[in-house]
Amino acid sequence: MKYGYLGPEGTFSEAAVRKLTAARGIEADLLPMHSVLLALDAVRAGELEAAVVPIENSVEGGVSATLDALTAGEPLQVVGEEVVPVTFDFVVRPGLGREDVTRVASHPHGLAQCSNWLHEQFPKATLIPALSTASAAVGLLEDDAAYDGALCSPLAAQKLGLTPMYTDIGDNPNAMTRFVLVSRPGRLPAPTGADKTTLVVFLKDERAGALLEILEQFATRGINLNRLESRPTGDGLGRYCMSIDAEGHVEDARLSEALKGLHRVSAHVRFLGSYPRADGEPPHVRPENSNASFAEADAWLNSILSS
Amino acid sequence: MKYGYLGPEGTFSEAAVRKLTAARGIEADLLPMHSVLLALDAVRAGELEAAVVPIENSVEGGVSATLDALTAGEPLQVVGEEVVPVTFDFVVRPGLGREDVTRVASHPHGLAQCSNWLHEQFPKATLIPALSTASAAVGLLEDDAAYDGALCSPLAAQKLGLTPMYTDIGDNPNAMTRFVLVSRPGRLPAPTGADKTTLVVFLKDERAGALLEILEQFATRGINLNRLESRPTGDGLGRYCMSIDAEGHVEDARLSEALKGLHRVSAHVRFLGSYPRADGEPPHVRPENSNASFAEADAWLNSILSS
Amino acid sequence: MKYGYLGPEGTFSEAAVRKLTAARGIEADLLPMHSVLLALDAVRAGELEAAVVPIENSVEGGVSATLDALTAGEPLQVVGEEVVPVTFDFVVRPGLGREDVTRVASHPHGLAQCSNWLHEQFPKATLIPALSTASAAVGLLEDDAAYDGALCSPLAAQKLGLTPMYTDIGDNPNAMTRFVLVSRPGRLPAPTGADKTTLVVFLKDERAGALLEILEQFATRGINLNRLESRPTGDGLGRYCMSIDAEGHVEDARLSEALKGLHRVSAHVRFLGSYPRADGEPPHVRPENSNASFAEADAWLNSILSS
Amino acid sequence: MKYGYLGPEGTFSEAAVRKLTAARGIEADLLPMHSVLLALDAVRAGELEAAVVPIENSVEGGVSATLDALTAGEPLQVVGEEVVPVTFDFVVRPGLGREDVTRVASHPHGLAQCSNWLHEQFPKATLIPALSTASAAVGLLEDDAAYDGALCSPLAAQKLGLTPMYTDIGDNPNAMTRFVLVSRPGRLPAPTGADKTTLVVFLKDERAGALLEILEQFATRGINLNRLESRPTGDGLGRYCMSIDAEGHVEDARLSEALKGLHRVSAHVRFLGSYPRADGEPPHVRPENSNASFAEADAWLNSILSS
């Protein structure tokens, strides 16, 4: 069985896929993929059983490549999530010292998240963008390395045998990234009582009213949203769809009814899955929004209709 | 088969029950009842097949006795409605002339609705309250009549053989009363495409928020309300329930779902029936609130749940 | 100085006007008026300084005559309120005993509110409608009295020197009536921190959406409603205005802004006054709706506009 | 006078700053800046009069660096906007032919926006990320160029004297980028009737309800939103602020009142400016939300308060 992740080896994605498979007792070959889109397309094509990709970062926000790759193309299903704290190791070319560092490479997000630290430690260093934090580290070992230091994940440093000069780096100590486990559409994970549902909703027309109508489908049923991202549909400025994580499982009655409402009032809804929350925290559901309350309302209405 | 109506004979209620039974091709004995409550209790007890009672007047508003008698006690079901224009005849004791009139009787609502006319025609007359417009007319024929003239329905004047001194009286030319046909709970009248649904909703707690939540159940599904009356529950000032007529039939999906929502968010809902509108006017339903749209949303959700 | 009240002498209205004037240290001649409309028109004409009329009854609901007389005609202003418990005395013609009672008179509301009691105590008695509870009592003393007993207010029994056969009668022990003190428009009573504001709002068009918009003007500013009555405008079935009591004083910023919003979104607003609540209970105002919060927002906006 | 823009020379930002200054008849030195943050900080420090930076792209969405740099740090003010269509030229090292191209460089966004085109034209090419589209083009002229071709703006190709091998490239023919002209806080541009207001709103607590409350401040006053972006505050997953473009000018009464409402119900509001829309299109304002309607409501309320 093959599981993909956003490569190369040693990124935070690899850390996430290891945690997700271990928690499920899954033994799988873990394959680094060149991009989120390639990873998800390989799942679509059946070459991978599933893939782990980043969806949200506490500093940078939603990961556009993932949001967009889930929104377009053949349907996929999110079946799990994992949250990984984002701290960096600073590694250098073997043999170099602190005073030799004049050029530092990392993925632009890595450079951004360590911007203050870099400014303090290496104010004169030239910053070099790399395709990933891990490839920046790998590049240090090449003969013609174009830079002297790199910011990478602890896993990358460890796998490459590089002893970090500094560890636990990051301007924001709360920085973390959420990853999702994505497979082809199939059986929904059973409700656990602490679930999350991911959707993309395409609005019918202009902004304020249409978005209000979408949010009311959740609010009138007491459903909190954990994430709400607007993403351009690509049809022009100001044309957006909403990428949403809602509390609860589609098998919960309040979610079922909200999804049906969204289907009616929006241009299109793409359901992307219901799955257990990484933090295992159950939502606070008021009595009138419980499954029992919906079941009683159903029974009451049926007694009217069948009279 | 016996049909009751709010008596005595000759009131607007008798006019309404005649129209309602004729329209349905029903041959029934028509029995005047002493009060709305007695009429409805006789239906509850099986002594009457159905009863016709006033529910709403375009000048006075909701008819409290009817609203309250439908709200409390054994459940009943509204199965039809009729709207009757309210114009009065002015009748006098046989043999009297216009100059003999010093005391005029009618039901207080009749006196109120002809207040301007009385002020112009008989500015000095003493006004005498009667238990009904018809009983005021009947009283004229008694030996010891305590008054000289009465305002009554055209039907009452005709049945009593009284030639009106004036006809078509009423301060407001648009005045009309809506009557409902009430039976024991049973089979719902089939949807006609131009229906009305009557409900009583008991709010959970304080006013503004709770009422908003109730109205949102209708608004988010595009359901217009034809009537909305607050009625005290009798538990103290400021404790109310809402008496509501909504456009559509409980078998319409948008109504079904709204009713289930009301059942969840309110303290109690009493369903009082779905029945054809007297004016036969179909509601304007936007595509997203049509039965077809609800059916598509159901099918879509089922395809997710059954995967 | 002359104060009017809904007569005749001895009604609950007289009890209310006595409490209201006493509480204000006002010495005034108290004049019984024949109807609510006549009382209010005498205030409009300057013949009375003010009048006390019933506006809401915990059993019957809003008092239509008052609501309508405040809504139409020259503007008036509510400057105070009083709540009076509604219990009845049962009085008989002097000399009669319990077994002599075959006919009982009272105002129809009085008969309705003692309906169960009458049914138990005098199941065979004929019920006679009177123009008021007090006039029913007065009638007992006339030579040609058409009935034997009457239900009236304790004040009426006392003033007429009639010893009640039964006291503290009423089917609903919580029954009470709210009265308002009405004067010509003039200086607003100063805010006390526990105030009420009375309004009539004419909706722009059809029901559900328009009413929601009205309620949102209150809800988005955290204003609770103490009373909400729909009243027909008289233009046809289904045409209503809303009679509203809202928590707070028009000088409170949240009320000011809500009133301006109502003025914009409705067809017409009639402001009927801000005045101290009878129960002296201050509302619960969340920090964001306090006068201080509005003042800060004003200051912030002004700093932007004046830059 | 110095105007900055997101450099290097030849980017779409330079095209935008040229249009914005030309339209205003401004003669200024145009200085390329290394990053959005450096550009805006130079404005803050008074080293630049103003800067032009990208804020929104029709394919990629909001430009995080700009949104975040406007949200944090010393206040700045948006005083204008410009929309630039995004099409690319494909340029190669002088002397090379189509068959020599094995490595193609551009900014990652440029590579993403031409992804399909690249896949069709150069399916085997290695993609090289550059710090900007313009620097990718510049790199072609260096002796040790690490790639053979670049995707850059037409302006860059022209300024470098590179004859494009292909022009008008882009997977999405509607692709465009919106740029804003940013200065230190000062006088607001006067209302033109077709204006836009930019804000950042920090929510008070959890998602669904708080966001609804924010949107209602706009919706209840008929204000459309042209852009709505959630951005992480950096305090942890799920903590967001909203970056908003609303129709209208802060001097419009409906905007003034909405802003004051936002100030009350949110944790914090940062006002970022009101300025003329690039497309000059006036909003559709319903009568009840016009300045005249607000002025009438003010006058009406004042007549009550001053009585």
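Lettered A, B, C and D in written order, each chain numbered from 1.
In this section, contacts are C-beta pairs under 8 Å (C-beta built on N, C-alpha and C of every residue); 3 or more make two chains touch, one makes a residue touch a chain.
Keep in mind it's a predicted model, so treat the numbers as computed, not measured.
If you average the Cα atoms of subunit C and of subunit D, the two centres end up 58 Å apart. Centre-to-centre separation of subunit B and subunit C, using mean CA positions: 25 Å. Residue positions of subunit A touching 2 or more other chains: 216. If each chain is drawn as a node and touching chains are joined, the picture is one closed loop, every chain linked to exactly two others.
Interchain contacts (touch definition given at top) occur between A-B, A-D, B-C, C-D. Taken in their complex, subunit A has these residues touching subunit D: 56-61, 64-65, 83, 108, 129-131, 172, 174-176, 178, 206-209, 211-212, 215-216, 218-219, 223-232, 234-240. Touching subunit C in their complex are the following residues of subunit D: 185-188, 213, 216-217, 220, 250-251, 256-257, 259-261, 263-265, 269, 271, 288-289, 293-294, 296-298, 300-301, 304-305, 307.
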